[in-house]
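Got a structure for you, written out below as structure tokens; questions coming shortly.
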């Protein structure tokens, strides 16, 4: 019978080994998916893809320039509407709310999270598209923004709460008001986690197709402004991937690759712009 | 201090945001007409609208495939300028419309029985009743006498038939079930015809792609896909016995024949099913697909554009369809349609 | 009324206090934050209300039968969501079963063991997985996962368990098991990302205290760090569960789309989100459309129940020495 110390040491090694295995499996799945995407779509990513409008099947070339711009616009609207709403709601729950109100808002966020993306799209369709009698980029962006709210709310609340009391107390002791403490001390300390949540939320909605089908529809042409239907990468992927034409199917894979590349870019850009705030909590 | 730095970065970022938001080619003199509906004709419609745009650069017709049901709903709601559907609108749906909706057939399509059977590369022969029984789950094995009788000389395995159907609502399913309802009373009473039905047996694949994908995976399986899909992806498919008793393989000619056969009794509003149509060389599982246009378009300019497009579609447009594996409309139907276009009240249309 | 606001009115000379507070911005900040919190509540409430109102027809026609009938017949106008409810619960549960240990394990590795640069890079890459459109997961699923399931995994499971009901029936490849696996892959990035951040947010002194008392690295992680971050981890799991419940495209491509309740994981099934995505765009006729919306309502209610149960679980296992 091993003595307790030896058992504990073995447990340590085994369990930490298992976590390594878990990481390796997750990463390898990622690499497989990425590799598959590259394999299927890599050859179709060319200059024309980024600069030309979609061409009908049978004609060589053609690209998804309007879909790329469309996706960018949609994500921008989503970020501008969903992130602040989620962030402020999370802030409210973490800093100001009473027990009951806090629980209610948190619950609402969780419920919203479980709603299928197509139902969110139908919801925005009933509220906006039906009233305006036309599809629009704005409606699509709002639908996506709504889907980002739960992850922002939950994460903001978590990371604000995780900021140690010592930091808050120190700030208050120096004479700062409550809101100054929150704005200048607590939030910056939680920036890292909140930023991750924002990126995760953005990444998720970047690939969503269903909510856009009934709000932004799609467009074979350019879509100026915010009031017209717009093409977007996920919808183009969806339309092309299930079409009978191999040319279009390849473009669908290429679009998937490009979408990923842009999400990566946005991620890196955001971290650079908003500044690294490493390990402030510890 | 640090907060200030960040707000400067943020300012730069925000200006970039606004620049992107307003990006887009200014469409000063352009008119955009929006339509939505059936998925089946999406490739040919996108080709047509692209060509039409080249001829008339100030006109942009934007069509999106959200499904026939979606097309019908959107035209009823008035959120699009025109709709498109693989199945004609029912009387109840037409009654819901605030303004009368006209149907205009554009191209023809067909649905073919496809299968994945080891060792069988030739085209199997099917009859309507046999297909109905397979999809009802009453014929369960490939070497069933009913199938063997139609295909003497083919070595059919004794495996169970794995039935594959569409999981998503689709015009393809509508045409397939419409045909089965006509040739099998059991099917008609038990299942019926619709874009989505309660399948007695089988797995559901999403889209033609899903069905074809499942067919490839499952040995000894049978399913149905659009003709275009089978042709473009080189999937083997069987022949079906038509109303005249001949086993016809679906191709562009036999499909146009099915429409020609029905042209004689074409109703004035073009809402007709041409499955199981008479005609010696007609392929029995064929169908029109329609554009849904309001009799009195809300925007007169857009109405005029639609009229112009329809005329072009019926003449030059029809020449482009075969290259994409669609069957063109027979001459009789084209003539009837040109006359029907005058019903659209669009002052200023040429 | 929160303590802050109340104190503004109660203590001292009210008008002076109020003016002072307004100038210092605390009350304004609170009101603004409250406004947003309220907005979120209103939006979710409005969504629920829309779902309720737009499913009136089938609710009146079928009543509770809707929840227990398996038949889904658009032609006859006979609708029942039992098969979809079963499918959603089974696939989501399966996905969690696989993704939670995997995700939390990976998060522990990235937060505790990996050097910071490697950890950041890996986290970034995993977040990318979250951006891959659902339809691409579906396509890869049907091209890669389903054949593997049909030819390798399912026969193996059948042999190893010797006819256990959960692993019985013909091996189609598509079915609950395939859908559960695809969902697991899709939700793992959420769990890893958020759990990693939550673990990193645990103050160093907690770990150091445990280590100083002689615990091994694993023990300090399992017995001190993880419990401290417990609520955050639950939050991560909830986010992941939310995605799993509402996932449409990828599920519908690999689940077999058969509205039938079956005991075996190899059998084809259907889920609530999948049927809505499949049939909504083509549905015509008020009863059909509203029946689909009622399915959305049922999903919403299911989310409510699961969340409520889980909340009770958290309260029941409440512990001192956590971040809350």
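Labels A, B and C are assigned to the chains in the order they are written; within every chain, residues are numbered from 1.
Note that in this section a contact is a pair of C-beta atoms (placed from the backbone, for glycine too) under 8 Å apart; a residue touches a chain by one contact, two chains touch by 3 or more.
Owing to the predicted nature of the structure, the values given are computational and were not obtained by experimental measurement.
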Distance-maximising chain from chain C - centres being C-alpha averages: B
Chain pair with the most C-beta contacts: A-C
Centre-of-Cα separation between chain C and chain A, whole angstrom: 15
Separation of mean Cα positions, chain B and chain A [Å, integer]: 35
Chain A: positions in contact with at least two other chains: 213, 241-242
Chain C, residues touching no fewer than two other chains: 249, 277, 281
Multi-chain contact sites of chain B, meaning residues that touch two or more partners: 66, 70, 206, 210
Residues of chain B that touch chain A when the two form their complex: 2-3, 5-6, 9-10, 12-13, 17, 20-27, 32, 34, 36, 42-43, 46-47, 49-51, 53, 60, 62-66, 70, 77-80, 206-210, 226, 228-229, 232-233, 323-324
Residues of chain C touching chain B in the complex: 71-76, 78, 138, 142-143, 146-147, 150, 172-174, 249, 252-253, 256-259, 268, 270, 274, 277-279, 281-285
Residue numbers on chain A that touch chain B, as the complex places them: 54-58, 69, 72-73, 76-77, 80, 129-130, 133-135, 184, 188, 213-214, 217-226, 228-229, 239, 241-246, 273-275
Complex interface listing, chain B residues touching chain C: 66-70, 72-73, 90, 92-93, 162, 167-170, 191-199, 202-206, 210, 213-214, 217-218
Chain C - residues contacting chain A, complex: 2, 4, 24-26, 28-30, 32-37, 39-41, 43-48, 50-51, 54, 101-106, 108-110, 112-114, 116, 122-137, 139-140, 144, 185, 188-190, 192-194, 197-198, 200-205, 216-219, 222, 229, 231-232, 235, 238-239, 241-243, 245-249, 272-273, 276-277, 280-281, 293, 296, 299-300, 302-304, 306-307, 311, 323-324
